[in-house]
Structures are given as C-alpha cells and as structure tokens.
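This structure is in structure tokens; I'll ask about it shortly.
For clarity, chains are labelled A, B, C and D in written order, and residue numbers in each chain start from 1.
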Amino acid sequence: MSFGYSKISKCSVFRLILSFSLVFAWWEPNAARGVERPNVVATTTVVADLVHQIAGNRVEIDCLMGPGIDPHSFKATPRDADRLARADIVFASGLHLEGKLSVLLDRLARRTQVVQVTDSLPKEKLIRVTKSLYDPHVWFDPILWSECTKKVVVSLGRIDPSGSTQFADMGADYCQRLETLDQQIREKLSTIDPTHKVIVTSHDAFRYFGRAYGIEVVGIQGTSTESETGLHDINRLVDLVVTRRIPAVFVETSVADRNMTALREGAQSRGHVVRLGGRLYSDALGAPGTGAETLEGALRANVDVIVSGLTGEN
Amino acid sequence: MTASAAPPLIEFHDVTAAYGRRPVLWNVDLTISEPCLFGVVGPNGAGKSTLLKAALGLVPLVGGNVRLFGEPLRNVRKRVGYVPQRETVDWDFPVSVMDVVLMGTYSQVGWFRWPGRRERQLAKDCLERVGLADLARRQIGRLSGGQQQRVFLARALAQQADIYLLDEPMAGVDARSQEQILHVLSELRNAGKLVIVVHHDLRTVREWFDAVALIDRRLVAAGATHETLSRENVQRTYSGVVDILDEVGHAVERRSRTS
Amino acid sequence: MNLSNMAFEGLFAYNTLVVMIGTAAVGFAAGMVGSLGVLRKRALVSDAAAHVTLAGVATVFALTGKRDLPVLLAGALCAAIVGVAVLVFLKRFTRTRDDAVTAIVLSVGFGAGIAIVAGMTARGVPGSAGLEHFLLGHTAALTSGDAALLAIVSVVSVSVVAMLFKEVSLIAFDQSFAAATGWPVAFLDYLLVVLVAVMVVVGLPAAGAVLVTALVVIPPVAARQWTDRLVVMLMVAGLIGMVSAVGGVALSAIVPRLATGPVIVLFAAVIFFVSCLVAPKRGLLARVARSLRSQGIADEHG
Amino acid sequence: MSMGELFSEVGPIHGWAMATAALVSVGAAAVGSMLVVRKMSLLGDAISHAVLPGIVVAVLAGGQPGGPLVILGAIVAALLTVWLTHVLRRGVGLAEDASTGVVFTTFFSIGVILLTSVASQVDLDPACVLYGILELVPFDTVTLYGCEIPRSFLNSLVVVGIVGLGLIVSWRLQVFVAFDLAGARAAGMPVALATIVLLLFTAMTVVAGFEAVGAILIVAMLVVPAAAAELLVHRMHHVVCMAVMLAVTGSIVGYLAAWHLNTNAAGMIAVVLGFEYALAVVFAPADGFVSDLMSVAWLRWRVACEDQLAMIWRFEESAGVRRVTPPKGLIDCVARQWLAVTGQIRSKNGQWRLDSYSRTKAESIVRSHRLWEAWLGRHADLPLDHLHPPAEFIEHHLGSRLLRQIEDDLGQERRDPHGSDIPPEQ
C-alpha cells in the first residue's frame, strides 16, 4: 500500500499509529507517492526559489528551512529526515552556508543526488574569506547567481528528462530576468550620494552585493551569526558612521539587531542621528504574501530599503 | 519548693522521635523543674542528640510532645540556647570568632537589623567568659577544637537564654577548655539557668552533673546523679539489651512503608 | 602616537562607557550575591537558572508571538523562578544529590526550551528560529537602557543582600543553629536562589549564560583567597567582579576583534589564579614560604 | 510491492537514529551512574562548554569538521577541564561546583576569544564542527560488509564498547571508590587510577555523544536516568542496569514523541528523560510521594481494623465487663462495617463476636500490645499509666519473630504490668 504524505496530517489517531509503524518502515522514494511529480528538497528559501523559477510546477519543492530561519540556528526534526529520505534530488546552497548540514549533504550524496548550486562557480569569481573558505552569500550578485542556473537545469533534467527543454527555457528566461533586475538595481542605487554608499549591517552577508554595485559593506559580526562582538569593532563602526555622516544602518530579518541599536545610540551621543533603515533579507527570503518570497522580490525590497535609507528621505 | 506554682522548666511527655520513619528514641518521659546542671548520658547512637533536637523541634516527633516553661516551643524559642555538635558546620567559612558569637544575638536583633553596640559588648563579654577575648578577630577555622567549642558556648551565652542545650561540648576538647566550659556551665546553673549537656564520658559524670538522665534509645533512669548513677542503672544503659528497640524501629519503618 | 590616540579614544567612547557601567554594576552585584551562593554550595544554580530561561522565553514567544525584550525577559524570569523552585524542592524532598538536581534542572529545562523552539520553527512560526540566541551574550552591544536596567537590578540585589546579610550568612554557616533559633531556613534558602536567578535573568541578554555564571562564581572564590571575613569577602568579590568588568571592557575597546564578555571572564579568571598564587595566607607562595620557614626552624633546632 | 523494492534505496531512517540515541544513552547512563554517585554530575555540562577551545585549535591546525583531529582536540580539552577542576579542588580547596564553574567558564571564554580574534575569518560555527544532528545521523553512512551503517553509530559503538568493557573490568574498584573513597585508599586500592579511568571514560562518552546526538542531550543522558534509577533501586549494579533501561526507553519514546509532535528529537528526549525522573520522584516504590501517601493511608486502615478486632477481643476476654464502644471516627466506622461485611465479626444479640480466624488475629494484636507494655515497663523508666499509648502504637508493627524475641527477654513473665494475661503464641 502507499501513503500520500499529505494525508497523514489529517487524522491524529492515524498519525499516532503511523508514527510507530513508520519507525520500522522502509521507504521507496518514488513508489511512496500517488503524484508523479519528482520531489525536490531545497535547504534554504533562496535555493528553493531558484529551483522553483526553473522548474515551475513540474516538481514538488520542499524547503527544509522556512522563511526567516537562519541556517545557523536550524534545528532538525525527525520529519526532516523523512523529507530528505523521500527526496529525488536535494538542492543546497553550498560553500558551507548550511553549516553542519553541509557535511551531511556531502555524505548524503552517496544515496541521493545532492546538488550544491554554488559549486559550479569558478573560484576566482568568489570572495575568498580564508585559505579554503569562500563567502556563501552568492545570490546577492544576481549575475553571478544566474550562473548557478545551468547546474540546476542539468540536474533537474536528469530526474525529469521529459521536462529538460522546459527547464532550459525557463532557466534562460530567469537569467534574463536577473540581468534586467541587475540593471534596475544599478539605476536605483545611482541615486545615492557616493559618500553615503555604505551598508552597515549586523553580519557580513552583503559582500557580493557590495562588490557588484560598488557599495561598501560593513558588518559587525563575522559571516557566522553566533560569535560575539568586541567593543572595539562597535566603536570603530560608530566612528565610521559619524565621520561619514551615514544616514541609516540596517538590520537583517534573521539576525538579532542588538548591535545596531547600540551603534545608533553611540552615534547619537556624538550628535549624529542614524535611522534604522529597515530590515534587509539576507539568509532567508520572506514569507509567502510579503512580495519578498522570491529572490527578485527580496532583492528589490532590499534595494528599496537601502535607497530610502541612504538617500536620507526623512 | 516553688515548683508547684511555676510550670516545669522542661517537660518531655512520652516523646518518640524518628529519623524519617524510623523511631530512634522511644517514649521518653522526663520532667526537669529546677535549674541544675543536667547530664544526658548513654552509649553511642543512644539518641542523646536526638533528645535535644526533639526539644528544639529539629526532628519530627512520632508521638508525645515537649513543653518548655509549660508552653510549646515556638512561644519560648528565644529563651532556649543551643550548642550544636562541632561537626555540623563548615569551619572554612569566612567568619571571625566575634561574628560567630554575634550570631547568638541575631534572634533578639530580629529581621533586617544589624547587631549594634550593645550586642557587640554582650558578645565581647561572652567571649571573655569563655576566655577567648583575645582571639575575637581570628577566623574560626584557625582555632583548636576546644577553642571552637568554647566559641559555640559563647554564642549560646549571647542568646541570653534560660535553658541551655549543649550537644557533646566536651567531645575532642583539651583539658583546659573542658575546665573552662565546666566553669561557665556551673556559673550558669548558679545564675538559675537550666543547663542540659549531652555527654558520653561516664567517669566525669558524677563530679560534674547535679542530675542525669541515662538514655539508651529509651529513658533508663533519671534523677539526682548520686541516686541515678547506680551500678545497676548504668549496666542497664550500656548492656545493649534494648538492641531490640532498633529492630522494632526498623520494623516500624518497614511496616509503615510497604505493608 | 596614532595608535595610542586611537586606543585613548576607544576607551572614552560613549559605547565603552555604557558597557562599562552596565557590566561593572552586574559584576559588583553578581560578586556579592555569588559569594553567598558559593558559600551555600550553590555555585552552579546560576548556570541551571540560565539554561532554564530558554523554556520560558520559548513559551512566552509561543503564547504571544512577540519578540520584544521585556516580554521575553518576563518569560525568562518566570521560568528561572519556577526552575529554582523545582531545584530547591527536589533537594529537600528527594534523595537525589545537589549536583545531580542542578544538572537535571539544567538539561531538562534547556531540552524543553529547544523542543518548543524547534516545534515552532518546524511549523513555520516566523521569528521562532534562533530564540536560543537569547542565552548568548551581546555584551558589547549594551544600550543605555540595558545599562540602566542592570544598574537598577544590581542596586536592588545589593540592598537585598545588605538587608538579609545577617540571616543568609547564618543559614549558610550553621543551618541547625539557625533552625534551632527559629529562622525560616527553607524560606531564606529559596530567597537566596531566587536572588541568584533574578541576577542571571537580567544579566542574560547583556552578558550571556556563561559570563553570568562566571561572574557569580569566579570573583567570590578569588575573594575568598584574600580574606577570612565574610563582609570583606563580599566587598572584595564585588570589587573583583567590577574590576574584571572594567578591565575586560577596556581591553576589548583597545584591541580589535576581542569579544567583550569572554574577555571579562578571562580577566576574572586571571585575577583568580593570581590570587591563588600570591594571597597572603592561603596563597600557594605563602604556603610554600611557610613550609620552608618551618623546615628552616626545624633544621635549626635539629 | 516486492521485498527487493522494499529494501531498495532508503534504509530504516528513524530506526537507525533511535538506535544511535539508545546506544549513546547506554554508555552515558553507565558512566553517569558513577558520576552521580561520586557527586560529579555537572561534569557533563562543564565539558560540553569547555571543549570549545580544543575544537577551535584543532580546526586552526587543519582539522576537518567531525574528523579525528577535532575529536582529539575536544577530548584533550575535556581532560584538561577535568584535571584543572581536580587541581582546584585539591590544591585550593574549592567546592566541587565552584571549581567546575571556574574552569568551564574560563575555557569557554578562551574558546570564544580564539574564535572571534584568531579564527574570526573562518566561518567556524562550533555547532557545525562538533555537535551532531541526531535526526540526520542515518544519512551519514559507511559501508561495512555490504551494510550501510551510520558512521556515528559505529563511532558510538566503539566508544560504548570500550567504556562498557572498561567499567565491567574495573567494576568492583569503581564501586568501592564511589562509595567509600577513604576506605578504598586505606585498603591500598589504586584510587587515582580509578578516578582517571572514570574521567577518561566520561570525556570519551561526552565527546562521542556530542558527535552523534548533540550537546543538549548528552548532559541529560549522563545524569537524568542515573538519578532516576537511584530513586528506584538501591544496589549499584541495579542502578546501572535501571539507568540504562530508562535511558534506552527515554531515547526511543522521546524520538517517537519528537516525530509525533514534529519537533527536535534531542530536546524531546531530554524532556522525556526528565519526565521519567519526575515519575520516579512521584512513584518510586520506597521513597516516592505516591507510595508514601498510599502506605500512610494503608497503615491507618490496618490500624483501624486491628483496633476494632482488639477491642472486641478484650470484650470477650473480660466476659462483658469492658464495653465495645461505638466507633469514634469515620475510618473506625468504615473499618467496623468492613469487618462485619466480610464476616470477620458478627453481631449477636447486640453483642459483637469474633469468628475463629479474626480471633487469632485479634489475639496476636493484644499479645503484641501486652508484651510491649511488659517489656517497656521492665526496660524504660515510665510510669504505669504511660505504658498504654506507646503499646497502642507499636502493637501494629511487631512481627512474630520480634515478639518471640521480646518474650524470651521477659523470661517467665506472662502478665503485663496491669496484671492482664499475655495470650500465648498461636
């Protein structure tokens, strides 16, 4: 017999019995579903969006870390194991964005197809952080991100050969849209006074964005969100903000904003009022209905926030 | 005498005291009406300390009750001074001799307030009486065993009580300290206080105490020392025939748990 | 020249001062409250209380959906007080040893917190991920509001300690005497751990679980090396806590990329180890010198 | 669907996860029982914080996440923690918890400083390097004799095997040292060795546990089942067995609960273990609250019934001189009704009578009462009128062996101090 996974949630008694039977059950990824659509698991919302843009509704996309969830504070549940086990293919961002999960994904590759979308990018185009590690937040450079589509198109074609032409078309289409988006962003950002072209934010997620659009990016915390800040760094930032009269600083959806509050207070004490420019999407996209549930939407939202923050429209 | 008018100083009425569920002291019925130096004597594990703790409400009573000055304990707590066994405290604690003696005045000082000049003077006097005035500032762990015991005695003196309960004040104490302690205790008796001392050394009982209670898990005999401390009574106390009481105690514990 | 200038500026920057005031207040109060805790053999109650707060934070978030600091703090405080109540209860009424009780409350409380947070995250409740970062410190990011709150709570705790110093030190030193003279030992005991719990909860968002625990434990044991008087020990512990805070903050203001909270802990740890070495009576050096001298005397006489 | 299909691609995911959790918990519970007895319960928590500098240094030295170098670094840091704690306790005279607190906070701070200053350019999230995700353990497999077995399971198997074997070999020594340190030292046992071995085992178990199931859980697994087992059973090997059983059931039930409630398994297992401990506190056969209440209630009931029987027996003995008074309290009333309904007593012409069975019972109670009065009268300094109340209490507690002993002690005496006959043994 076969279970539709979505049916399970309907009856809690049934669910309880099932929770025991599932323990000893062995899954077959394809036969276990009534629907014929391939099952794709994406780690983050950003990757899920990329796959969705290319595959549309031909595949069922299941995102491991939902909107607003920082990959660093991801806590797995047994159902996540189910989801990974049932996946026909797993898409991950790569470059160690997924932390511990990255290591596991490498091993998971032995049983399921695992595609780390940023793997295909030439290393010289990436921002190197240490000897062996690169900044994983590639999607903030739309042009660079569009290069990842190729890999997704090929991988999707392998599990759903009949759709491969469609994937290629949609991929090309998406690349084009990203290019247009890139142009739009450039135009919008050009309205900012060059001395104010600084994004001060709580963690270093916007290096690619800064490189692509010639904006200086300063983060208080390192790439990881867990480490604590030193006072020297805060003072240095206050200095920077005050001397360059930067009108606004930004916080991120998924990261605590205490550092920014302290920073603004420090600047204010020196007579320079810094606005909280608003929230930027970084590691995770917005919830459905916010308009920022796609990368394009999130980037537009970010750019709007940045422009309105830094052009000093009070 | 006037005993008929005034209620007895301390009255154990059929006291059975337990650790947890196991009775360790059985049916003690003891009344002391007059101020005296009263020894509680018996072998190890006879429940001597338990008797004092029963008087102070520190162990639960399975049966019976204790009255002091004819009243329940909580009404007259301030009139009872206590010297616990020396092993019960952490001697590395950062307090000076003076601090410890001042603790005796705490219950009179009451909540939130600090001991004042009057209390400090009192504490100093008490230290003087036990012959430790010159060590007032020393940390309590740096004293000899006998000196520590005298500090505890001074603390009890600072309580300015009418009944003093001392738990083995002579255990592991040098001769000089023993003498000093005994001296202070007889002073107290002469000042009209009742002093009850748990004691384990039979040899010195006769010369030190006015009256004794012989205890071995139950009261064997009590009264004036010369009458009570007969060869027969002592034998009954130390013979261990009442080991049966231990078994009965265990039986009570077991039965009240599992049956 | 330039370097020293920068360092100088960093030391007197607004944020440095705010952080210094906040942490110094916590350092002083934690040192004093911690002294009593350590003497009562309750040093790690703070650690347990800190971990239990996660359950409270998670529950409050689940109920209200708000991530405002005051709301979360209220939840944390409730959880911490319930946690220490369970702790005191288990210590009194079960055979389980003190340290095991602490470990049980700590791990089960934290596990419950994680379970609630992960449950919400799995159901896609926005903002629920990373609630456990509440336990991590953001010492360098103290705002003036935080510092004021910390200062107020520190003043309150210090006054409670000053008011109940006599009673609490009595039960810490000699519990049976305290009970025999009619003091409510259980109540005072609970009051002491609640005081520690409040310290912890207030210090958490500013300092983090580990720093708070360190400030409650290390200054008192360092102070104990220097004195045999309780009052002096409390004062010295408070002072060491304060000095560590000021020193740590200053150092992290001068040297780049030095996390403030951990530097404070290291400062306290260094003070502790130095104290163990050079303290006049109990220090290692003093003891070695004493034993050498007594050996010398023995040699002379022998 | 054929068997071949059934076993095709995905293994029994949750089965492996639970097996790993259970396996780790077995080692943790065994070591933890020792730690709890030796008052070192907080070591797990301390180690979980203190391994950080070891990991950071190992990663800086080129260690890979989850690789042997990182694990080695963690174990070294754990052992250093344990050793320093020991030194502070012995050398400086700190209490156990204070020394633990000093060491682990210091170590953790060193770790964070290393992380932020030296290693800040490395995206080194300690959680990624060492702490495992229990749910995803089954995906990280190695092939052994053609079987896909999770790597963490194998690692844990090795560690638990070593620890288990070591504990079994040094069992008597460990138990002796745990219960009587001074005695063991006096007996010339290698106390230091025993302690070092135990601490080494702890460090290994904790680090392996991190790697397999995460940090939250290992602290709970070390202490909670052991503490619960201590409430339930009393001998050391029973404690270890019980702790292991509780740990394993806790792991499995907790994992299932996590699946059912859709939440994190490690957190849920910790909660279930806590629940087991709470159950032990409430229902433990010897010390639990419920058994306390039940035994008190049962005792009161038994006393009430026995008192009724004894009263009627005395009435019969005195040939009607003594009266059978009406029951005083509710419980006495119910007791008499119960005795009447079950036929142990019968009302005849308004007089209560015992049947032969209940007469035996009543007689033994009265016998016990009078023997005790006689014994107390002989051995304790009590006035005659003070003998009855204690005997009323004790009569319900004395077994036949004790009664015989008392009888022997009394010698030829066959009357109680009030002059009544003591009934002979039936």
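Observations
One rule holds in what follows: contacts are C-beta pairs under 8 Å (C-beta built on N, C-alpha and C of every residue); 3 or more make two chains touch, one makes a residue touch a chain.
No experiment lies behind these values; they were computed from the predicted model shown.
Common neighbours of chain B and chain D under the contact definition above: C. Most remote chain with respect to chain B, judged by CA-atom centres, is A. No other pair of chains has as many C-beta pairs in contact as C-D. Computed from the mean C-alpha positions, the centre of chain C lies at a distance of 31 Å from the centre of chain D.
Measuring from the averaged C-alpha position of chain A to that of chain C gives a distance of 38 Å.
If each chain is reduced to the centroid of its CA atoms, chain A and chain B end up 75 Å from each other. Remark: chain B and chain C have CA centroids separated by 40 Å (rounded to whole angstrom).
Counting partners per residue, chain A has 72, 75-77, 79-80, 226-230 as the residues that reach two or more other chains. Residue positions 93, 112, 115-117, 120, 258, 262-264, 267 of chain D are each in touch with at least two other chains. Within chain B, contacts with two or more other chains are made by no residue at all. Each chain pair that touches appears in this list: A-C, A-D, B-C, B-D, C-D.
Across the complex, chain B meets chain C through its residues 56-58, 74, 77-78, 80, 82, 84, 88-90, 93-96, 99-100, 103, 106-107, 109, 111-112, 114-115, 139, 141-142, 155, 159. Only residues 38, 41-44, 47, 90, 93-104, 106-108, 110-119, 122-123, 210-211, 213-214, 216-218, 220-221, 225, 255, 257-259, 261-263, 265-266, 269, 272, 276, 282, 284 of chain C touch chain D when the two sit together in their complex. Contacts from chain C toward chain A in the complex involve residues 9-10, 13-16, 18-19, 114, 117-119, 121-122, 124, 126-127, 129-130, 132-133, 136-144, 205, 208, 249, 252-263.
Looking at the complex, you find that chain B touches chain D at residues 14, 16, 26-27, 29, 62-63, 92, 218-222, 236, 241-242, 244, 247-248, 251-252, 255-259.
Residues of chain D that touch chain A in their complex: 1, 5-15, 17-18, 65-66, 112, 115-117, 120-129, 131-136, 138-141, 148, 151, 255-256, 258-260, 262-265, 267.
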